[in-house]
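Just dropping this structure here.
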Amino acid sequence: MQFLFLGDIVGERGMELVSEYLPRLKHDFKPQVTIVNGENVTKTGRGISHKLFKQLMTAGADVVTLGNHAWNNAEIFDFIADTPQLVRPLNYPGDQVPGKGYSILNVNGVQVAVVNLQGRVFMELTDDPFRSLDKLLQEPQLQAVSVIFVDVHAETTSEKKALALYFDGRVTAMIGTHTHVQTTDAQILPRGTAFLTDAGMTGPAEGVIGMTYESVINKFLTARPTRFAVQQAGSGVVSGCLVSVDAKTGLAKRIRPLLISKEHPYQTL
Amino acid sequence: MQFLFLGDIVGERGMELVSEYLPRLKHDFKPQVTIVNGENVTKTGRGISHKLFKQLMTAGADVVTLGNHAWNNAEIFDFIADTPQLVRPLNYPGDQVPGKGYSILNVNGVQVAVVNLQGRVFMELTDDPFRSLDKLLQEPQLQAVSVIFVDVHAETTSEKKALALYFDGRVTAMIGTHTHVQTTDAQILPRGTAFLTDAGMTGPAEGVIGMTYESVINKFLTARPTRFAVQQAGSGVVSGCLVSVDAKTGLAKRIRPLLISKEHPYQTL
Amino acid sequence: MQFLFLGDIVGERGMELVSEYLPRLKHDFKPQVTIVNGENVTKTGRGISHKLFKQLMTAGADVVTLGNHAWNNAEIFDFIADTPQLVRPLNYPGDQVPGKGYSILNVNGVQVAVVNLQGRVFMELTDDPFRSLDKLLQEPQLQAVSVIFVDVHAETTSEKKALALYFDGRVTAMIGTHTHVQTTDAQILPRGTAFLTDAGMTGPAEGVIGMTYESVINKFLTARPTRFAVQQAGSGVVSGCLVSVDAKTGLAKRIRPLLISKEHPYQTL
Amino acid sequence: MQFLFLGDIVGERGMELVSEYLPRLKHDFKPQVTIVNGENVTKTGRGISHKLFKQLMTAGADVVTLGNHAWNNAEIFDFIADTPQLVRPLNYPGDQVPGKGYSILNVNGVQVAVVNLQGRVFMELTDDPFRSLDKLLQEPQLQAVSVIFVDVHAETTSEKKALALYFDGRVTAMIGTHTHVQTTDAQILPRGTAFLTDAGMTGPAEGVIGMTYESVINKFLTARPTRFAVQQAGSGVVSGCLVSVDAKTGLAKRIRPLLISKEHPYQTL
């Protein structure tokens, strides 16, 4: 079983790149499950709308994961409860968090869970991601699940690697998002979990991790409040990975990074 | 002119990998200048000693850069003042910081500066890296310099990219360190500066960014004080990059990441 | 010479309390200089407007200081340049910060400087407050100044005390703001500087440091984005201090905290 | 029923002040329960030893609370499990935290619980203090308890006030520690809980919150690793509060800050 994952899709440019490349990637790699991170798809790069969620599904996504920007477009509160394919981070605190932190799919008879997990180091004060996922793995609804794909949305390399080793052999894949820059450490951990510190983003390659240089530099140089603007011009980047899974063991067989950019044209995949 | 750079060398394993691979890399790629980041070379992974500095030079380094761990082994205060090839971050505050934030080499008649610059986001409260390097670039001793190689030691992808774009065309290369995981975004920026968000580390590949899983997980699970132990066992990783420079313009012609690991054997370089 | 200072004035309630109590305080204590912190005077508790600035002056302020919220109401950019009695933190970075970090008054022939200084620990990445004020004290326009009153806007008790001891004997008073809760450590430091870790706020006493409990608790319980609302109902608090100064030496003779609240009626001052 | 509380006791000086003033305070105010915060009692100001714990009990404490420095002297792991009168923060994560987060005393037939709770803002990544105490309050062993005294060890004024209002009417007192500087906001909240943002410290009054100016200023001026030294010389401060409790309702009747220092001699209490 093959999983296709695309990291944080940023702004209009990110949405265009998904429309342009996702069908082609699906055609060429024939994934059974396609997951994309949609925490930055609005024009402001913050949050998601119902319309954009549907566009992602139409373009070929089966599940959309989120991250710390999940809640920035308040429209999400209107539709996440009725949208099981939209997954917010599992470990936001309390019993009343809108939506769910995982989605269960039946893929040709195999039960597949897609989980979104958020780190805490230099981030919001959510619940402990180690124990939150520990707990989920013991819940009844996960017992029939064979394959567990985790989008781990976190800032530091150490927290992501620690989480991956902690869950090694217990989840199928642990793929990082949030830094918007892909790392080169795609690997199968000793007990069979696929890991990548960060899948990277899908959106405008120029500017600063999806935002215009002008808006970001202003923040760094003045320390004053700044409204970041999404980068529009210039070349784009599509980042993600492919994970090959043994559906019987629920472990990963192979992980392969995906990167399409000016420096890495589609043909080189 | 070719530059070879290796990212954060971690512990005894990192030192062994340098001894094993640096001569081979120099033989094969024939760099005119070799720079390595030595902020983590001691057995504890924190700081540097005079003996280890000399070992790095013997193994083939021309300049050793540092980072936020520069000061963790107090022995550095005894020798950094007399060791111009050991460069600490430029932007530690005050007039009395031991050592220097840059080193100037004469490479076949070309003046080359190697700078170490530290980020501030989620890090120590040092001086502003943007303005500190701005100021250095205007100092008289830099006026005869043609090529400027910057090791930018910082946590976040956004601060590193913002710094690189701010100095694009004014420095030759801006190569990130500190996260210990290499990124895939090696690129020549619009005005000619080579950029890579993080070069990655050189040291034990298993464990968590150079430290044992057991020590790191303990910190994450207990929130109590923990002494991290450097990973000894398992496979290693050598991470860095090669930058080809036009010595006349001082701009980069090409940047090529270097990665040697279990998944990426030397032969695939 | 007597100085009257009121800490962070919050929202409409804070403005009403200033109108109600400032004339009375001035009548009773007859300060030569009255300084109030206006970083939270708008209805949202963020920033200041020209109208509100004028209201503060009308109510009896001679100088209005600010803090990290200085820039939250963008209207400030329209009038701060022409308003020398409105002082923003000295150590915002760069040559082009609107307004000034100090104001110089002639008080019956005595030159008095009022400075606003911002801490960095757990705050914005401004310039080093130690060296920024060091530098200001050496500037020519400060040389004729006898009395220097500093509003030090910072989060931690340690940074404020360290700053006060660093400048002890070199400034007249170092009065903390930003935490919105008054401390009991008003004191004259060994070399003559008056110090108080925090003067406390002037505004709604109920709620959470000026904001409604409902809005703040939501942030703590959900870790999701929250818009804080200024507290309207309930009793109010007026917090500040009186500093008696020897205009000849520029040192403080006495510091006396001011607190008016339900538990501490005006009569007990 | 009267409670006497002393905030963070710092170093040898703090221990001396406890020996000198605690018997006198107990004689004069006749508290039924005496609680002191002992997270800083060692010579380094970090953690506690068995010997020092016993000294605190001999001097008159009934319960010793802690904070984020609880674990800094590793000796604690040897005796906390057998020392129910030593209470570490309730919300350290996991099932295997040594010691307990509360202590239950029988005071003339009244069941009294003393709880230590730690904040998270700008602190260690412990469990959510709101939900941790919520959960404790529902545990069977708390059901016979009439009076609940909470030492809330946290950095920011907002987190402490939010916690106090959240538990208002459900606990008897919520007294802040950690900043080492006493605040002036002692109050009975609307539903009967006594609150004080910070009780302040007991120890050397000069220096920076218990540490020498020389060691602390070095950190601020250099951004390099620094070992803080406990202040020995100079005058001392004893800080805390008295809370009068209605044992039947479990609510507070009165809270009265305690402060003994050079500026506030014992006689003025």
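Which chain is which? They are A, B, C and D, in the order written, and residues in each are numbered from 1.
In this section, a residue touches a chain if its C-beta (ideal position, glycine included) is under 8 Å from a C-beta of that chain, and two chains touch if they have at least 3 such contacts.
The structure presented is a predicted model; accordingly, all values stated were derived computationally and were not measured.
With steps allowed only between chains in touch, the distance from chain A over to chain C comes to 1.
When the C-beta pairs in contact are tallied for B-D and for C-D, the bigger tally goes to C-D.
Interface residue usage between chain B and chain C, two copies of one sequence, is largely shared: over half of the residue numbers at the contact are used by both copies.
Spacing of chain C relative to chain D, judged by their CA centroids, is 30 angstrom. One finds 45 Å separating the Cα centroids of chain B and chain D. Annotation for chain C: residues touching 2 or more other chains are 93-94, 125, 220-221.
Arrangement of the chains shown, judged by which pairs touch: all-to-all, with no pair of chains left without contact. Against chain D, in their complex, chain B makes its touches with residues 71-72, 92-94, 97, 124-126, 221-225. Chain A meets chain D in the complex at residues 93-94, 120-121, 125, 127-128, 131. Across the complex, chain C is touched by residues 122, 130, 155-159, 161-162, 165-166, 179-187, 190, 197-198, 200, 206, 208-209, 211, 213, 216-217, 220-221, 239, 257, 259, 263-264 of chain D.
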